[in-house]
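One chain, chain A, links the two complexes that follow: it is found with chain B in the first and with chain C in the second.
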Partner chain A sequence: MKTVIINPERCVGCMQCRFQCALAHSKSKDYFSVFEEIPSKPRIHIVKTKDKEPFPNKCRHCNPAPCEQSCITKAIYRANNDEIVLINPDKCINCGMCAMACPFGVIRYHLYPHRKLSAHKCDQCILRLTEGEKPACVSACKVSALVYDDINKYMTNVEGRKIAELVYLGIREKREENINGYNLLKAYNKSLLEISRR
Partner chain B sequence: MKDYKELSICTDATETIKKAERENIELVWDRKIAQEPHCGFCELGLSCRICTMGPCRIDPFGDGPQKGVCGADAEIMVARNLLRMISAGSASHSDHGRDLVEVLYAVGEGKAGGYEIKDEEKLKTIAKIYNITVDGKTTKEIAKELALAMMEDYGMKKKEISFVSIAPEKRKELWRKLNVIPRGIDREVTESMHRSHMGVDNDYISLLLQGVRTSLADGYGGSMIGTYVSDILFGTPEPKVSALNLGVIKEDYVNILIHGHNPVVSEMIYLAVEDKELTDLAKSLGAKGINLAGLCCTGNELLMRKGIPMAGNHLMTELTIVTGAVEAMVVDYQCIMPALSEVAKCYHTLMFSTSDKAKFPGMEHIEFNPENARERAFKIVKLAVENFKNRKKEKVYIPVTEVKSMTGFSVEAILKALGGTLNPLIDAIKAGNIKGAVGIVGCNNPKIKHDYGHVELAKKLVANDILVLTTGCANVAIGKAGLQVPEGKVFAGEGLKAVCNALGIPPSLHIGSCVDNSRILVIASALANALGVDISDLPLAGSAPEWYSEKAVAIAFYVMASGIYTVLGVMPPILGSKKITDLAVNGLEGVFGAKFAVEPDPLKAGDLIIEHIKNKRKALGLAS
Partner chain C sequence: MNIVIVGLSAGGLSCLKTLLKYSKDINITAITNEDRIYSRCLLTYLLGRELGEKDINIADINDFRQINLITGKNVTEIKREKKTIVLEDGKEISYDKLILAVGADPLRPTYTKEENNVFTLRYLREAVKIEKRLKNSVVVVGGGYVGIKSAYGFYKRKVYTTMVVTSPYPLSVTADEETGRVVEKELIKMKIDLKLKSDVIDISKKEGLAKVTLRDETEIHCDAVIVGKGVKPNIKLAKNAGLDCENGILVNEYLQTSDKDIFAIGDCAESFDIIRKERYINAIWPVAEEQGYFCALNILGRDVSYPGSISMNSLKMENFHLITAGLLKGDGIKTHTLWHKNKNQFRKIALKDDLLVGVAFLNNPEDAGVYVNLIKKGDTRISNPEEFLTTTPVSYYKI
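The block that comes next holds the complex of A and B.
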């Protein structure tokens, strides 16, 4: 199953995914969409963790999906071989059940271009997928915090290798850690946090 | 509900933050939280908005793009961005200096209404540095000639700007070898903007050396001109006792706050506040009189010269209005948050902008120039006094009483306190009573708990017999903590305490505003010359624990390039380039005899500085 995979440790909090998400779902699909009568709202959220680190939060397209199960008007339904959870804004009655049922807090309520208020969340860029493109947030992400891939393959490649490395290093001396600027920045920000809590 | 203790160490701040929250006033900390998380590309210096082939970003993890559209790599991107920060900082201090030179010229021409030469002796001393003969000339003639000579420092006729001459010979030799002596103040800023245009300078070392040259054009150019011309026009500061914190705002007075950087406006407001007619008007409206207080560096300027108290530093500016007792705030330029006029809308406070360079939505613009300044200042003060009747008594809350603090330690004043020569200071350093001296300078930044960085570092240093010199926002923080009165010696180690007792001085000396960091360069150069060594040999350091502004980057660079180890509390946007980061914290040492360190924890920063001073003393053959 191909889906959007999140590597939160790589998110630099630049919000480019939010911008491109809103753009991809706008009426005009150009940079002037912010001036549209009903501006398009991003469907991915960058939340701050307790340590003030950025975390990209979006719909997981669960199966079974609690939002879908709680929707009494059947506005929430599945598409693309059941891989994507979608909302039909015309059927939505804004009862709020789906937002309450969602374990990840990714459902909001916004006006759609035809002036209908409805539950609002990630549609996995289903239109872009049919055109052979990746979801807009993934295309926007320059640091691979958001990746579009087959989840089983990706986990084997990345997570599997990480786990194997840890097991291997466990019986060897600790390898020198890869120091890059962002790790230094994170360490710096962490000490800022510690100091402010004194 | 905010965790107030995480925001500031000052009671006057936390109490008024609570009031602001009750009254639904948005403050700098709210806006900072709304901005979090900050963009990682920008924090690393890996985003470039210089041209429209971009904007471009470089992936710090190495998987995504490693070059901008033009081909700029991380080194080029970080260096170009940093050079532009230094240039903006140098431009700000230097443009402030330029305004003073214009007033000096107008005084020379006899066209500067209320302004005059207050310190003739200094005028002559500085004229001599510019090789201007003073004998047989009137004060006005000298003023005009000096102003014209200073204008040339801003131009392109010279090979070296004038005040570079005060630096020790060894330092100048090094600068000449590296080709970093500024030729003209405006020239270096312009050249930096040119070099960082796409397709010009793409060698990060060459870009950074131009950064050094541009910063020196600030320290030994714009800033030093700003300091000296202010001294000439408004008087060289002398030690005096004044007061700090929100308690300087008086409940039963008409309160006028001045905010910004340039003394050109605030000195005139000061004159108007002293006017008897306006004071009588205030009394007729039920106030006891007119009370003037300062904020930020224009506050520092008036505090140093006139002993006018300061209500607070950068992060206190919004909170002064929240007291509900401010009739008017008069601003010139730099560090004036545009949010201030929004806060003022919720109270009766009138906001006045005064510079054609700095206009703000929601402020009434009453423009000042040398000819009309006096008349405009009286107009503003009158409007402020008349506004007293609009004050809502139930909204007034001044949470603390003022703290006394000493000020006015210009280089001349320090020499006077020492009996006319630097020798007593040198003897104290040699004997180890004073281990060294550290300038704690710079701003506030909501990323660091307000005033925590300044105060903890100052306490740690004086306890280790290190004399502290303060400027700008650091002065207010450290003064509020009680380190800038002679009684502040209780914080000092035994050696420094003995010196404080002998001279009747505090362990931390307020030496001015942010352009007055040039006074640090003057003292450091004089010390080095007296000992026949270079500045980099001296047991000195600089620190900006809570800096935020581009001006602070320029200061950090000219202080480092002068040979002074500089510890920053806030990370500059350079981590995206490993080479530039290594250069900043290591490599520079081999070139300038000084380098940077970044340490947000003031206690650890203190350790770094104490260790550094120990090493410098050892190299000079002094007991640690």
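The block that comes next holds the complex of A and C.
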């Protein structure tokens, strides 16, 4: 199953993905679409983590999706072989149940171009996918924080992770329990600071 | 395998869809006592004429040609020794696994004897009756979610609405006083005549109108009275079959009743509440759907245990949006609120010792889901609530 994979430790918080997302979903698909009557809003959010690092937060298209289960009008449905969770803005009545159910906090409420207020979230650029292109945020990302790939293949590619782990062990003598991207980044930043003080 | 599903609302439908998705060679019979599949939560929107009668359908009966669908029939009996159920026309259907998603009926207090003007709002047929009766004025009894949502519907239709609430503030079952007062203020802004700490004593008929007498002997004349005083689970069928019942049908963590071939889901099933740490019925739509999903997986032999539910609800109106989840008041529960007065927003968390047990959000629904799921985890300890309220909630996923 191909999906957008996030490498949060690579994100620099440049917000290019947000701009390209808004552009790809705008009516005119033009850089001046911000001047449209109802501006298109981005569907990916860059939030700060505890250590003030940027984290790209977008819909994970869960299966089963809590938002789909909690939708009382069944405006939220699955498409593309059940891989993508979509919202039908015509059916949505803005009851707020999906925002209450979403464990990642990615659902917002915005006006759509045909003047209807509706729930608003990532649609994995389903129109671009049918044209054979990658999602807009992925092609916008310059640092490979967002990758469009087969998730099972990507997770089994452990070589890079092992190297990262070795580097981490080299920096920190004591091995911590979970080595994830942010711990690595923190350790790396710390060592850079130490080097600069020498 | 013969699977019989009784009831096709949230729980039954979700269970049916999951079964159809993951298994091809099972024989499913679904029985519903109504002639269409619609969303009950949308009835108040139907009354407010925000939605038409077709918009409330959530599934088309013709979509289920591969199963045996029986509409408009009640189930009268379960014969556990023969493993069959009996329909109201005497037909017997045998089952290997039976799923009871029979839901709940609205509570009807003693003053609801008068049938022409007094209604509850749970089924489409009741909404149609109210629609026929309604002209200029209406009385809504009960300050819960159903009461407030239908009052909002009437406000949209410009029908003069009086609300009779027994407790000192609306939403007294789920929300704390501060939240209730906010809702009260908004209701008064919508020009709804709010009668707090008051109760209906008697309803009589007078020249085609209903005459409602309150405890302080006020008399209100109106076209229709809508009673939203909560629901009680339909346990008659299960009780007659000898299944264990208390308030609802008792189920274990695999959603099985005391008979291992009979499952119960949705509003009629008394499952586990994560915060209360005891059996409790959270009669809400998302919980029913979730239970339907878990039940279908269990029937297909995956053996996944249902983690339990919490109560949560969302109330969206013209000028405010309130989300409440979990417990906001009770023994030893302290609330901490972060107000943004200029934006008319607040975030509220409720802590029992240092365990997160409840949240309320006014006008900022974006992050509500993260907090709700932190409550669902059941072990979110917070030492510094002020700091917790001001930081972005995503950082609490330990990333």
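To be clear about the criterion, the second predicted complex is superposed on the first by the 158 of 198 C-alpha atoms of A that agree within 3 Å, B and C clash if a C-alpha of one lies under 4 Å from a C-alpha of the other, contacts with A are read in each partner's own complex, and residues count from 1 in each chain.
Definition applied: a contact is a pair of C-beta atoms (placed from the backbone, for glycine too) under 8 Å apart; a residue touches a chain by one contact, two chains touch by 3 or more.
Everything numeric in this text was worked out from a predicted model, so none of it was measured.
Participant: Counting only touches as set out at the top, which of chain B and chain C does A:48 meet: first, second, both, neither?
Facilitator: Touch partners of A:48: chain B and chain C.
Participant: So in the superposed three-chain picture, is A:182 touching just chain B, just chain C, both, or none of them (first/second/both/neither)?
Facilitator: both
Participant: Considering only touches as defined above, state whether A:191 meets chain B (first), chain C (second), both or neither.
Facilitator: It touches chain B, and chain C stays clear.
Participant: Could you say whether A:63 touches chain B, chain C, both of them, or neither, answering first, second, both or neither?
Facilitator: Once the two structures are laid over each other on A, A:63 reaches no partner at all.
Participant: Of the two partners chain B and chain C, indicate the one touching more residues belonging to chain A.
Facilitator: Residues of chain A touched, chain B against chain C: more for C.
Participant: After the superposition on A, what does A:143 contact: first (chain B), second (chain C), both or neither?
Facilitator: The first partner, chain B, only.
Participant: Contacts for A:28 in the overlay, against chain B (first) and chain C (second): which applies, first, second, both or neither?
Facilitator: The answer is neither, since A:28 touches no partner chain.
Participant: A:101 contacts which: chain B (first), chain C (second), both, neither?
Facilitator: second
Participant: Does chain B (first) or chain C (second) touch A:10, or do both, or does neither?
Facilitator: A:10 sits against chain B, while chain C stays out of touch.
Participant: For chain A, which residues belong to both interfaces, chain B and chain C?
Facilitator: 48, 180, 182
Participant: Would you mind writing out the residues of chain B in touch with chain A in their complex?
Facilitator: 6, 36-44, 46-47, 57, 59-65, 447-449, 452, 571, 575-578, 581, 598, 600-601
Participant: Which positions of chain C touch chain A when the two form their complex?
Facilitator: For chain C paired with chain A, touching residues are 14, 21, 39, 41-42, 45, 50-51, 55-56, 58-59, 285-286, 289-290, 293, 312-316, 321, 323, 325, 365-370, 372-373, 391-395, 399.
Participant: Going by the contact rule at the top, pick out the chain A residues touching chain C in the complex.
Facilitator: 8, 47-50, 55, 57, 64, 66, 69-70, 72-74, 82, 91, 93-97, 99-105, 107-109, 180, 182
Participant: With touch defined as at the start, can you tell me which chain A residues reach chain B in the complex?
Facilitator: 10-15, 46, 48, 52-54, 142-144, 180-182, 184-185, 188, 191-192, 195-198
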